[in-house]
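Two complexes are shown next, each including subunit A; its partner changes from subunit B in the first to subunit C in the second.
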Partner chain A sequence: MTSYLIAMATFAAIYAVLGLALNVMWGMTGMVNLGLVGFYAVGAYVSAILTVKLGWPIALGMAAAIVATAAVGAVTTFGLLRLRDDYLAIVTLGFAEVVRTVAENEIWLTRGTDGISGIPQPLKAALGPDFNPAYLVFCLVVLGVVLALVERLRASPFGRVLRAIREDPQIAAVAGKNVLRFKVKAFAIGGAIAGLAGALYGHYSSYIVPEIYVPLLTVYIFLAVTAGGVGNNWGAVLGAFIIVFFLESTRFLIQVIPWLSPVQLASLREFLVGLGLLLVLLLRPRGLLPEPLPKLSDPAARR
Partner chain B sequence: MALLEVRELHRRFGGIAALDGASLEVEAGGITGLIGPNGAGKTTLFNVVSGVLAADSGQVRFDGRDVAGWRSDQLAAAGLARTFQIARGLAQMTVLENLMLYGKDQPGEAAWAAVSRPAGTLRFEEELRQRALDVARRLDLAAVGDNRAADLSGGQKKLLELGRALMAAPKLVLLDEPAAGVNPALAKRLAGHILDLKTQGLTFLIIEHNMGLIAELCDRVVVMAQGRRLAAGSFAEVRADHRVQEAYMGRVA
Partner chain C sequence: MTKRILSNPTRRRALAGGAALLAAPAILPSGTLAQGAGPVRIAGLVSLTGGGSAFGPNMRAVHQAVVDEVNAAGGVLGRRIEYLSEDDQTNPEAGVRGARKLIDVDKVSAILSVWASSVGTAVLPLCWENKVMMIAICAADSIALLPHQGYFVRTQPHTELQGTQFANFAIKRGAKHLYVMMPQTPFTESTMKGVKDTCEPKGIKVSTMIYDAKKTTFRSEIDDMMRARPDMLMMGGYQPDAIVMAKDLFRANFKQTVIGFAYGMTPQFVEGAGKEAVENMYSVEPVPSAGASAYARLKTLIKRDELDIYVCQAYDHANLAILSMAKAGAFSGTAIRDNIRKVSDGPGVVVDNAIDGLKALAAGRDVNYEGASGPCKFADNGNIIDVQFRYNQIRDGKIVEVKL
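Up next, the complex of A and B:
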């Protein structure tokens, strides 16, 4: 049971990092990225391929995953220049599907639907059975560092411009901000964070396969950020932990209601997730932790 | 030389020529009114001049430079600010944040500076905050400085529109119906603020349907109809112009 809880906490920490990535792109900047899972996949594959095939050290593989997904983020934004909201959502959704299809078919690179196995796990040999708890601690530390960094971004003048773009890009432009440049940066930063989450996952599970990277995962992260509080980084983290807890705890429903078939139970779980989100949004329309607003008129109350 | 010079602007929306050879000049240091019946192309002209819309053809010179085709943020950097007819505050941001956004060249808007927080950007941010507080005080918005713009009253939103334009420290402010939907007392206060700012050397181009306000504020009035200039002069002159009367009232049969 303990090892199960440790595994779930590790997944929750990785999803929380993904939640922070989405919060930068969507929560702060208002860019609907339905292709979040694509960045997650690119990060996982870049680090896996470099460490497995080329024998790079894990740390370098992870760094490369960050750089690669930042570049992918910047390049896709340039491709999406003129697209607004719903169009951006559709194209990013397509982006993630392209990533998955490429991973399925470019067998020379990704081993296709067989997936890449034997991805090195840091200090696995030295830690032995302690690997899982140690990796959880590592993920939590990474989460803490990313959280601290994006909190600084949010509270900075840079974050103010991102939020202004979310509210009204035309106003941000009239205010003298180069909207495109800020959007590219937000997508690159968010993409890099999602790529880091992907690498974290790969070096934990040691095995990645294209079918992990389905749109449903993106939807779960959207749920996490929405329930936690759009624009609130702590909320994104809280939301991710709640989503994982919710998804996992409903797994045990089968012991309570044994007459449901597994298929019905799977549907019931999604139904319950939806119901949970509706309740949160009815009771707390801005999420569990609403976006914090700076108190600027009183110097004593400043951060 | 005029601060703003617009020559022969054309802009079509489908079959309608919203701007059909519009021209006007705004002299530095004054308040110029831009009036005309609904659909005359006034707001379209604002949108083109402020880089929100591209013109099909025509020239725009601002502060001695040819600025036709410039983006909004480039025009803002050159010293041109504008407000919107329907107050478009950044709803989920506070009043002071709305104001501080308009600060120019904030070095803290670079992503690396946001994370590393060099002392220079913090000092700049503090100066910006003081300036925003000052503007908020002048426009009676200090008490609601930490409230979200969405929670302001209609009149306060109008004041915030003006305040944001001021924060940009512009040379020219385009005001699109600053007094629309505002009660007479607040309209008077707005007029007072605008006159104050004029004495401080700011130049305004104002679209307004409230003729009392136009008469009170403007040194010069440009009348537009059907996408082009119909007349220009003092308020008394254009009011006496029978073409202007026709444009507003309809042609006498």
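Up next, the complex of A and C:
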């Protein structure tokens, strides 16, 4: 049981890092990125290819994953320049599909649908059975560092500009902000975080394959961020843990409702995730942890 | 009193569920959940949702039916078998989470009938690290090459074996130009290479195309194919894309010979694409070599007239796991690993189900299990060997065996 909970907490921590990535792009800047899983895939593949094929150390592979996905994020933003809302969502969805298709077909690079197995796991040989708890601690530390950084980002003037762009890019432009530059930066930062999450997953599971990177995963993270509270980083983390808890705890439902067949239960699990989201949106429309917005105060009254 | 509560399985797992709810990792020392004198647990990791959902529900029903009949006959070595299943969503990431639950929480000895090669590759390391036996379907050649220490066997013929069957068919039918269309899968490259290596020395031209299986129409692909004027088409897809392709071939009025994998050309394929569209198409299917008593028995067990190849394999997986434990006199994954070849390959009474096998083993005799999917002989790397194939043709909407 303990090792199961450790494994699930590791998944939740990786999802939480992904949630933070989405929160930078969508929660803070208002850019709907349905291609999140594409960045996650690029991060995983870059680190896997460099460590498996070229024998790079794991830390360097992860660093390269961050750099590569940041670059991919920045470059894709230029392609998305004129797109907002639904159009942006559709194009980013396409981006993730392109990444998956490339991973499936460029066999010389990605080993195609066979996937890359034997991705090195840090200190696996030295730690032995302690690898799983140690990796959980590592993921939680990474999550903590990323959370601290994006929290700092949110509170900074930079974060304020992102919020202004989210509310109305034109007004932000009129106020003298270079909207494109901020969008590129937000996408690069979000992409880098998603890439880091991808590398974390690859070096944990030691096997990646294009089939992992399906849109369903993006949907889970959207659910996590929505449930937790769009724009609130703590909310994104909480939401990710809730999603994994929901997905996993429903496995045990079979003992509680034995009259349902496992086939029905499998569908019911997906259904319950949707129902949970609806309930949150009905009862707490701004999520479990609403975004903390600075209180508007009258500068004159402060004196 | 405390001891009785702990040994009660439902209560124990409710406790386990409660622990998950609390998310308190240290609540139960893992030792308390280890196998005691309770039931023996085996599990199916099947696809109840996602791309494999056409097959998963039937496979788990077959597992359950086998376990139920063995329990009704007294269990294995006096212990009841408990069958559990998890949905892998036909996705390696979800499959790993499901497998972790089965291995860490339920402490199963064997994971049966993993269908998708990607899920199998992702879950297999967990199996060998935790000494859990995997009896799988997964056809990708690469899986058997993993360092699985024997904790892996599969009943699906790996694709090298299957690819040459198509080539033999083309040679026997005197084809001049064979066109191979397949979606991107772990075995696409090796199948195409196998076909080419066999056909080209015989002077048969081979053209290949890889398509995206998730497309809703293959008109442009079929146009390209027909422009090359092949006289035989090998359609290497799974059931969903095979249906779409058969319909588009019919619309394009393609009149040449078509052959495909039997797992793509199922009765549901005939129904989905329409009788007219699939008439006269051929398929290649692995068959049991020595009679098919297990096949006939399985039909009565689950009360169905048509069995797909995966249902047959699921039946064999459950029987093999149970017989291996009985042969070993132990219930661990390692016991299954060390005995699966002793009950499937070698001298002994030929049996086609676990109950007869258990009786024979109890009487001190050796058994040789001959399954519904084939004779179930495994090489050291886990691959199935000695597979016989047969050719089917669709005639008037029925899939019938043909001789060449």
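Simple rule for what comes next: the second predicted complex is superposed on the first by the 287 of 303 C-alpha atoms of A that agree within 3 Å, B and C clash if a C-alpha of one lies under 4 Å from a C-alpha of the other, contacts with A are read in each partner's own complex, and residues count from 1 in each chain.
Operating definition for what follows: contacts are C-beta pairs under 8 Å (C-beta built on N, C-alpha and C of every residue); 3 or more make two chains touch, one makes a residue touch a chain.
Fair warning: this is a prediction, and the values are worked out from it, not measured in the lab.
*Asks:* Determine, under the contact definition given at the top, whether A:267 touches first (subunit B), second (subunit C), both, or neither.
*Replies:* It touches subunit C, and subunit B stays clear.
*Asks:* Examine A:7 and indicate which partner it touches, taking first as subunit B and second as subunit C; both and neither are also allowed.
*Replies:* second
*Asks:* What is the contact status of A:206 with respect to subunit B (first) and subunit C (second): first, second, both, or neither?
*Replies:* Touch partner of A:206: subunit C, not subunit B.
*Asks:* Touch test for A:153: subunit B only (first), subunit C only (second), both, or neither?
*Replies:* first
*Asks:* With both complexes overlaid on chain A, does A:179 touch subunit B (first), subunit C (second), both or neither?
*Replies:* In the superposed model, A:179 contacts subunit B only, not subunit C.
*Asks:* Between subunit C and subunit B, which one touches more residues of subunit A when both complexes sit on the common chain A?
*Replies:* After superposition, C is the partner touching more of subunit A.
*Asks:* Between subunit B (first) and subunit C (second), which does A:112 come into contact with in this model arrangement: first, second, both, or neither?
*Replies:* The second partner, subunit C, only.
*Asks:* Would you sort A:161 into first (subunit B), second (subunit C), both or neither based on which partner it touches?
*Replies:* A:161 sits against subunit B, while subunit C stays out of touch.
*Asks:* Which positions of subunit A touch subunit B when the two form their complex?
*Replies:* So the residues of subunit A touching subunit B come out as 149, 152-153, 156-161, 163-164, 166-168, 170-179, 185, 189, 231, 291, 293-298.
*Asks:* Can you check the complex and tell me which residues of subunit A touch subunit C?
*Replies:* Answer in residue numbers: 1-9, 11, 101, 104-105, 107, 112-115, 117, 201, 205-207, 209, 211-212, 214, 216-217, 245, 247-249, 251-252, 255-256, 262-263, 266-267, 269-270.
*Asks:* Residues of subunit B touching subunit A in their complex?
*Replies:* 50-52, 71-73, 76-77, 81-82, 84, 88, 90-94, 96-97, 100-104, 106, 108-111, 113-115, 117, 121, 125, 129, 132-133, 136, 142, 145-146, 148, 164, 168
*Asks:* Residues of subunit C touching subunit A in their complex?
*Replies:* 10, 13-14, 16-17, 19-21, 23-30, 33, 48-49, 56-57, 60, 85-87, 89-93, 96-98, 100-101, 103-105, 116-118, 121-122, 125, 140, 142, 146, 184-186, 188-189, 210, 212
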